[in-house]
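Okay, so chain A shows up in both of these, paired with chain B first and chain C after.
And now, the complex of A and B:
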């Protein structure tokens, strides 16, 4: 018996090579419609987009709107209270405008998060699919590697890597730089993705439609790209969408404990870390950077859920 | 069959362990030039002195020799008479080496801090599981109800809130705020007061805030997964079949659905076992909890790489055991999965 859901979704591959039938376009159009019709989720998507635009436009905003530089000190205006015209969200202990620094912080957070997720998805997704689909010695070898990566608790590996990275000569990864930080976090966080994908592949590949398609003479490549990938895509999308938020938190945590982006470069994590000293009299310095992380991650998670509901055919009727 | 599978997993876990030692030692080796920090900066040391110190420590040897020495292979060979001369013990003998900062055994530092970490995280995981599974089941069964919306929102908030920020906020409210208002307040850091000696009540008071922060994170993730995998199970054909043949709803839910729904959760909790020793690291740092995570940060900042490496390895060993357990449980719970 063919799986009823198998025909309903077509691989994105099908669309990109322009051989998409009516059904394939139908699925994506339908999914986008569902995405659009979920008001809250869609609003979260727009919010993420807005943050992205703000982050990209940070230099422009700092020059034209806030009139502050993110790192230049202004010792005449330290601890300005929020709500003033010149410092809408207050200033910190060196008189730097909190709003400008938050916008620049978004640049770092979003850059690191997206870069990391893309890298982790590429590594984890391919490893998980290859291991789950082919099984045998390939599965054994790949999963042992995943085991190795996963068995080192990520926070320790991150602490070790960020502490050692600047000292490893030829590679020269400096965690103070967003690109290097993304590579370091990705190297640590692809393992669980690989496992989740593999687990899903293991159960999908045993389904009858896979056997049926194989018996029609489909090649391994075709089976994986046209039939397996669409079925595990939901897991990958959900995992990745959850991962973006988690990675923003991880990155902020590393900055917070002083191993990631270092001052004076503004990042939400190191702003928060800095604020702990001024706990008693400058609440906004504690609340605002954390709120920025929280709202961003919240929007990403809600949007991720919406994406899942819109694109996962098996949960399609559930809401 | 299952036992054979479990045994095979134990056997294949050994190379993983070995791989982890290679990875961690390799990382340290790549920075070996700086392994004795400050040595080159000491004006009282001539280059030949430095060379002698490095030779004494075996740092002038090639990677493989250093690695095997560190593992303690020569010691083993010495015991059976295949290696001349006295040699130091190594990893295989439980010797994690010595701290670069104070020269004391790394293992003694770890054992000193481990109980604190286990105390905090096991309590948090327990609270998390106990609250999460009912939350997820209720959410799935009453899909779309106000209760479901509330629980879902709560878990989304829990997933999204950075735990170190939540920790700061709780400290702000329950320690600083309550103190300033003259109300009874909770301690904001440490594992026990030094003033009144740390009796049971005092220790529990110190546990409240960190445990709350950690458990909130766990239950947010786990209740969400329980709910979504319950929903997925409920939409499967075998559930429809079970209902069609007149099975009671209670039996359908608890026997047919929940059993299948917890399978992904088992993997997830298995994957979370690392957090039993590591998950609280950042929270430990915020609350000055004297556990392993805080030790790792202190030592990393102090360039005490041998201790950080020892910690990393030690936690990895515990985690490998946890993963093994999860894999075997997975096979017990879902007979559809075939291992080839």
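And now, the complex of A and C:
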């Protein structure tokens, strides 16, 4: 006699994958674990975090710890040697405390760097997504613009933009303040991000799940924002973390040639520029901001590499 | 004219290539009634997938629908705007793809994805769509549905993923389910389970199903009607039983004959269909099948035969059978 229920679908015997009770872990959790397991890279990450906290706490630190104002001149104490109690890292030609100015300089450098990367991600990410997703003439137009941006040496473009202090609508971009400077650097440095994102979009959009999701009735906008973006986010995070260091150097270079942050506001770049005259006289005034830039950029780059390895092991072969 | 649920008329889908325009789907017509299962068989490149993608309006550029109509409940989907199509897709017409390994988004938990059509079409919020996903998972025989909605696709087996895909297709209660080789990427035991599931779904929800497959055994077991495609055209169409008993196109006949059979001498070599599928950019004159056809007559080289009734419920595009030749009997002579 046939079992009358034989036609009913029998669920396969319950078989869970992995250990019982283990919570499903996603891509981000696994990436975080890889990030955490790279000791040196993780330490660099912590160092960057520390610098960030110091920069944020600059007003507090100057009031409570160093007891100096970053711009207040003190002509009685010019060129104080490092190592004294009142001037732990010495003072400059106007008697301003170097440590206080370095901390305030970090504020500017880090603010400009992160803001620039975020802006560049928004511009480059959008352009790359639109070009890669829609293709056709839009792709051609957008990528030729990218080619143009990338074909002009960025330092010339930066000098041009900062020298002209362009007006965008009612907003005047005065490179003397960090927000405007970030916009100007971002306008020059989004090109490579756009290319990277576009390339990744081109490969992701051909994957079956994009067609499957489209067959569910998802709109182009939803496909891009909810289904495509999370899949290219890894590439964006990696590219961004590798770019932060480069932008700190760019910003310092602009300050150095006098086109960036205007004195007396302290930035690592204009501290360097300012102190070059005293190279033989007071070497620490040159070494300290230089060291600050060096250590930060090195840490950023090591951390960027770690992030890249953690988020996308396939990319390890690149560069 | 009687109202079918889905009626495709003279559909033509073209792809421009370096060697000229290719008609991947070339004048295909068929219908689908509520609750029935239609099988589409044919070799790779015969236009099966492009036919159903055209129905869904999912043909990717540079491909385009060059002509014909796709009537769903009397509305021509070919004339629909993208917005109108988005309304229909996933709500009235659902589709299951070949490879469940790559058809789910790797960055989202499976429950989120199964709930996506509900959020798109019914405006459900996340918690409610997740509850629906759990109950859908239970219906499609997913083990531990409460835990599995929290799983990422890579944590599910191939069979589970295909169940998830089916659950995703069915959440909105579509009236047509299109399954494009749903079992090709699965191993044999899982194939049987998934086919059983599709059968159950078809019976329980009265969902009309279009099943694309290479596997004639699957067609025999699942489909009431079958349509055979060759080089972008329908060459034979009819009730499955009739087509299998009385193949009326030499291509169908050759396909059926090439199957290994238990009642044949085990030492007999398998009979493969000689030749290769035609190059769509350079189709043979007349009937596209004539270079490979053992029954070829002169007329086949010159003129493409119309798809015409050869038996009461069965139509075939073949000059030979339209002249009254029984392929099973003639085949014994041709060898």
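Here is the rule we use: the second predicted complex is superposed on the first by the 243 of 319 C-alpha atoms of A that agree within 3 Å, B and C clash if a C-alpha of one lies under 4 Å from a C-alpha of the other, contacts with A are read in each partner's own complex, and residues count from 1 in each chain.
Everything that follows uses one rule, which is that contacts are C-beta pairs under 8 Å (C-beta built on N, C-alpha and C of every residue); 3 or more make two chains touch, one makes a residue touch a chain.
None of these values were measured; they are calculated from a predicted model.
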item	value
Partner chain(s) touched by A:209 [first = chain B, second = chain C, both, neither]	second
Residue contacts with chain A in the superposition, chain B compared against chain C	B
Which of chain B and chain C A:163 touches, first, second, both or neither	first
Contacts of A:135 with chain B and chain C, given as first, second, both or neither	both
First, second, both or neither for A:227, with chain B first and chain C second	second
Chain B versus chain C as contact partner of A:276, first or second or both or neither	first
Those residues of chain A which chain B touches in one complex and chain C touches in the other	135-136
Chain B partner contacts - residues on chain A that touch it in the complex	135-136, 139-140, 144-145, 147-148, 150-157, 159-164, 167-169, 171, 192, 195-196, 199, 202-203, 206, 242, 245-246, 249, 252-253, 256-259, 272, 276, 279-280, 283, 286-287, 290, 293-294, 297-298, 300-302, 305, 314-315, 317-319
List of chain C residues in touch with chain A within their complex	56, 58, 61, 82-83, 85-91, 94-95, 97-99, 102-109, 116-117, 120-121, 140-144, 147, 150-152, 155-157, 159, 165, 168, 193, 196-197, 199-200
Contacting residues of chain A [partner chain C, same complex]	7-18, 23-27, 135-136, 207-209, 211-220, 222, 227, 230-231
Chain A-facing residues of chain B, complex	12-13, 15-16, 19-20, 23-24, 27-28, 30-31, 34, 143-144, 156-157, 159-165, 168-169, 172, 176, 228, 231-232, 235, 264, 267, 271, 274-275, 277-279, 281-282, 285, 293, 296-297, 300-301, 303, 305, 308-309, 311-312, 315-316, 319-320, 323, 334, 336-338, 340
